[in-house]
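One structure follows; several queries about it will come next.
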Amino acid sequence: MTDTALTTENLAVTYTGNREVEALKGVSLEFPANQLTAIIGPSGCGKSTLLKSLNRLHEIQPNVEITGDVLLRDRSVYNTDEPVPELRKRIGYVPQKPTPLPLSIYENVAYGLKIHGRCDSKDELDERVETYLRKVNLWDEVKDRLDAPGAELSTGQIQRLCLARSLAVEPEVLLCDEVTSALDPISAETVEETLADLKEEYTIIMVTHSMDQAKRLADEVVFLYLGDLIETNDTRSFFENPQHERTQQFVTGHTAVEYTESSEESGADSETVPAER
Amino acid sequence: MDRYAKQRLFGLLARGSAALVVAVMVLVVSVTIFRGGRVLLTDPAIAVTPPGSRYMLEGDGGFLHAVLGSLFIVVPATIASATLAVSTAIYLQSDYSSERFSDVVNMFLNVLWGTPPIVYGVFILTVIIAVGAQTSLFFGIIAIGIFQYPIMTRYTDEALRSAPDTVREATYGLGGTRFETALMTLRAAMPGIIAGIIMGFARGIGDAATVLFTAGRSTRMPAGLFEPSTTLPVLIFDQAMSFNAEVRSHAYAASFVLIVAVLGLIIVSKLLAGRYARFAPGGRNS
Amino acid sequence: MEGSTDTAASEGRSRLGRRLLTERLSSYWLQGAGYFAIALFAFIVLALLYQSLPLLSEYSLVQVLASSNWNPAENEFGFLPAIVGTIYVTALTMVMGTPIAILAAIYIAEYAEGRTKTLVSSFIDVLAAIPSVIFGLVALIVVVPFVGDYLAPALGSGATGTGIFTVSLVMAIVVTPFMISLAVESLEALPDELRESSLGVGATKWETIRIVLLRAAGPGIFSAVLLGFGRVFGATIVPAMLIGGQTQLPSSPFSTGQTLPTLIVNDFGELMSIPLTQSALIFVGLMLVVIVWLFNFSAMLLRRWLQQRWQY
Amino acid sequence: TSLLGESADVRISGGVGPLPMVQVWADMYEEATDTVFDISGGGTGVGVNDLLNGQVDVAMMGRDPEEDEIDQGLFAVPMLIDTVVGTVNVDNPVLDELQENGLSRQDLEDIFTREITNWGELVDDDVDEEIVVYGRSDTSAAYKQWGDFLAGEDDYYTENELENLADENHNGDQAVAEAIGRNENAVSLNNINYVYELESGELEGDVRPIPLDIDGEGLSEEEDFYETRDEFLAAVEEGTYPAPPAREMYLASDGGFEGDAADFVEWVLTDGQEHVRDNGYVPLEDDRLEEAQNNLEAGP
Amino acid sequence: MTDTALTTENLAVTYTGNREVEALKGVSLEFPANQLTAIIGPSGCGKSTLLKSLNRLHEIQPNVEITGDVLLRDRSVYNTDEPVPELRKRIGYVPQKPTPLPLSIYENVAYGLKIHGRCDSKDELDERVETYLRKVNLWDEVKDRLDAPGAELSTGQIQRLCLARSLAVEPEVLLCDEVTSALDPISAETVEETLADLKEEYTIIMVTHSMDQAKRLADEVVFLYLGDLIETNDTRSFFENPQHERTQQFVTGHTAVEYTESSEESGADSETVPAER
């Protein structure tokens, strides 16, 4: 259980656009296999940057410079002949904003399978699509309208669809960037449940801004602050016994105010505000 | 072919296409500048000399008449059309009209936008025939103005729509009337509007089809509002077909003038838009 | 003191009166301007229709549209050659221009970075602003000899260089920049999440572009292509300079021909004093408007449908 | 009512064919008499239309008036002759033969109606090159005249018939001249200004005239006048070169010329004729001129 | 001091757009003259709607229906012959997002004066502009660049410019919608100070989401919840002794978490997050 799926070695990322931003300042970390690691930290601390640099997704932006290395099971992600798409197949990514591809529900899930030529027959494809839609608890909701555009689902359903899409290519590691932050509380819960199920089988690395979520889901927690790794520990120790003052501040501040943050984000949907109190 | 070869191939194709387009543009501009520039350099006076009596035969004199004709037609047309276009665009905003009405008008504007310029020419010509008038500067102005109208209206409408709503709110909050508020929104949207108007100007000054049958194809200096005249594009169109190489060379010289004018307009538009952009809300902070 | 506030108040009132009057007058003017677009369109259609009546009362619509015999001097008005020529030119242009435009747009939106990107896109803006008569002129000394001396002979045709193919080639150059800048706009409007989602499951850049981005930007690109289509369809000056102006059914892509707009340009000036010919040529104008209108309408429907299908 | 100049005494519009010559005349006349002109092109139809609408005093016509137009009150007098001649490429495989013997009307008819399709058939030579025929496109008065000429007396080919027979048709003289200039085996017809250099009056470009063998017995001394434009024009003026293909161009009025316009047209038909030849057109023959002057006097 | 500047009588506002929203459900209130009244409540409860309906600014949106009435010094704001612009001159409005008009700094302040024809001479205008810029403590910062575009100021300066612009037309009542929420803490403080100065002379009605701000600035507090008026009282009693349970929940919840909200809003500017703790 404690073998390491992914390792970063002194990973540093700088955005060299108009003004230079050192988003990550040399982070060395180990992400244990088949566990769920949560990355937390204040806004702009480099969480998304770290996540994307794990499967080189930051490279789609112009003006990024990276030093250090990432190892996937002891093989470098950066110094390798392996084409990047193959790498990203092994390290999947689910974006923050629930984004269906402009395809039908069925094709959304089949997309990865098709491009990787995973399935030889239509039957096999059908079967896989069903498997993964079941895995994210979406099958029952969509089985009658697999040909409908993915965009016609609710936001929460779309986020699960995205998960299924990523899972379908059978990645070893799954990167999730605040996958519940755009969702209403009920959808968020469903997605959380899905993630909880999945962490048995996959190595999941997840960015979240919710301490409660991290507590509920994570096995390990990583705390970033202004591009630096401040602290990483197993969830229980992290929250009960934070080593650094900053961590303590952040953790206590955030857990107390959790509900207001979500109220800010869900906007006019004000009924939820005092209800939780 | 494996996925990566495909990816490389299409990357190359995309690059190649862009390179092709850029190469064509360099070719067109440099041929015009080279051929036209050579003619103009050997005899710069032809751009500012009125045509002589043997202009059509042997390029006697110059094409000042077309330069002036272009100016006298396109400048008033742009002014008139811009006024109307901006007014229409203001009316299409939510302060003045319902969403349904502006949808309907926008549909008509789209059709007008897509209407080939030659149709405007024919339309104005039917008007000329109906009122028993002669082709002239005046009808050239009308034809170009109508041609520019949908272009400028669409740009202005878009610019006004993207102006921040808070400007409206702020102006109303100070006790501004609807009209005063509209003027303020107009200022806030100025960079976009200027771009639209200059776009219309450039399209107008470059278009030949609308004026071919409306402005008169005169070979003399424009003599009055209701007298025939010609424009640079029409001159180029006519001279390009001449038997006399000397006359044909004037077409290139005129193209040079035209292309410099259009490029100039683009630059002016960028500069002006930049100037007004400083005043746009969120200018520095956006 | 009392008096002064009085005058101030009355002055304020008269000023307010003036403002309210301006408000009312301006709203009349603006309302007029608002209806102008509709009025203009109606007026154009009615004027063209009215002037087309003489022709339409002499001949049936089918007669003029299906006949390939164009000889105004003998009162024979067959529009078929010009219609076929227009279709020919438009189709050829789109076949040549669209792939290049879309590929170039992909390059600018997805591949180019930094300075190169700025440079290439401003080049394309410039290209879009060049008057088409200049393209015609340059084509006379570049494209016509090229087609006449190299391309046509190489393809076993004895064409001289002017003709349908040449027009299509030049029109492709004229419209690609328009299509490119619109297509770039709609590609750039796509959220990065789409790219991340697709790349994140291991798609290559090209797969992402082809399967995801081109669909998501589909409605926008579709509009761009349609706009290009409309411009080619109504193009006047370039065809008039390069098509050869022969009102015959074209026999090959290299043969000379006629489009609806060039029919007007070539025959109107010489023959407008003959009433029926005048009517026939104005009818051509009417046809152009009606086709544009039908086209816009069906494009709108199609676009809606695409948006439904390919939403993200 | 004028922005930049004096208002015009005589307003003229019409075809671009005769426009250059009328322009020259007008400038001369303006200098001599202070009459102010206003001239614009746009096409014969535009001119006639303006004329009948009362917008101009004179219309220039590059073609014969149509019935329809005369019915509406159009009154036209000829002003000059525009000349069309068969043309070939300077490197035509049988150019020497052509220049030696010329072609008869029958030969040309056979060529343009595709009875003869090979240059070898025309001459006793072992040339084997297909003849490429270029025509003009619609509404070309020159083409119409050419059709009248080819068919012989009392008969004509319509432009449509000729267009159908041609390999290609081109819009305007310049396009035809360029096409001929690029194809060694091509034959077509051109206004002589596109054949002879305007300044020098010599044959300098890529286009050569086809001498016309009128009597069908080879090119006699008398019939050989194609070396320079002046020679050629003289022949047209004398009537040695037939009309058609030479054709007349007209000045027209709405029911008779009046005032300054009448004076101007009268001047054109007298003193004006002397300047025609310098500008690549042919003056009217004497008796035709007299007839025109009489017509002008008599009115419609 | 306790006379009433503005009264609402059973004011109800419904948005009749795509879906019907009852934003205000019959609110009767009195706003005392020359005091600062703060309107608080969770997001979407109708604060902005109430504020705008006081000077009929909501009318610039389509699909709004209003019943009830607003009285300005006993004269109805809705059933009157007075032209609306004249009314809005008397009841000024400062929008939430600091929005300079697309004019120079000078012209921004002079704009209201000009359209209402308040000044006869250039000198008088100059003088007034200076007066009001001083009143909002902006004069010293901008006096050397009055001709620069208003948009070139910092956000905090712009917000003060907006205040000056509204004050210049000498309104009897000033409506301020979350005027500090878009500002960084330092600018916010300056604007608060300005408001504190101004409340001596003007009747100010202010929407705020910050309990602390309400405590610091307001004389009276109005608490709205889902379109209903829950409670209104003078500031001290309101906070120390809230009458309703909802009020209590809201007040205690929000004061505790004040700092995180502002950290969320200033986005990537994360240094302020734990610093205040």
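By written order: A, B, C, D and E. Residues from 1 in each chain.
Please note the rule applied: contacts are C-beta pairs under 8 Å (C-beta built on N, C-alpha and C of every residue); 3 or more make two chains touch, one makes a residue touch a chain.
The UniProt protein names, listed by chain, are A, E = ATP-binding cassette domain-containing protein; B = ABC transporter permease subunit; C = Phosphate transport system permease protein.
Fair warning: this is a prediction, and the values are worked out from it, not measured in the lab.
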item	value
Interface ranked first by C-beta contact pairs	B-C
Maximum centroid distance from chain B, chain identifier (CA atoms)	A
Whole-Å gap separating chain B and chain C, where each centre is the average of the chain's CA atoms	15
Between chain D and chain A, distance of the C-alpha-averaged centres to the nearest whole Å	82
Gap in Å, rounded to a whole number, between the CA centres of chain D and chain B	38
Averaged-CA centre spacing for the pair chain C and chain A, given as whole angstrom	46
Interface hub residues of chain B, defined as touching at least two other chains	3-4, 129, 177, 180, 213, 240-241
Numbers and ranges of chain C residues touching at least 2 other chains	19-20, 204, 207, 240, 268-269, 272, 278
Per-residue overlap in chain A, given as positions that touch at least 2 other chains	83, 85, 115
Complex interface listing, chain E residues touching chain C	83, 85-86, 115-117
Complex interface listing, chain C residues touching chain D	69-74, 144-145, 148-149, 158-163, 240, 243-248, 255-256, 258, 266-275, 277-278
Residue ranges of chain B touching chain C (in the complex, touch as defined)	3-4, 6-7, 10-11, 13-18, 20-22, 24-29, 31-32, 35, 84, 87-88, 90-92, 96-97, 101, 104-105, 107-112, 114-123, 125-127, 129-130, 146, 149-150, 153, 177-180, 182, 199, 202, 205-209, 212-213, 233, 236-237, 240-241, 251-252, 255, 258-259, 262-263, 265-266
Chain D partner contacts - residues on chain B that touch it in the complex	52-58, 68, 72, 129, 132-135, 137, 213, 216-228, 230, 238, 240-244
Chain C to chain B touching residues, read off their complex	19-20, 22-23, 26-27, 29-38, 40-41, 44, 47-48, 50-51, 99-101, 103-104, 106-108, 110-112, 120, 123-127, 129-138, 140-142, 173, 176-177, 180, 204-207, 209-210, 227, 230, 233-237, 240-241, 261, 264-265, 268-269, 272, 278, 281-282, 284-285, 288-289, 292-293, 295-296, 300
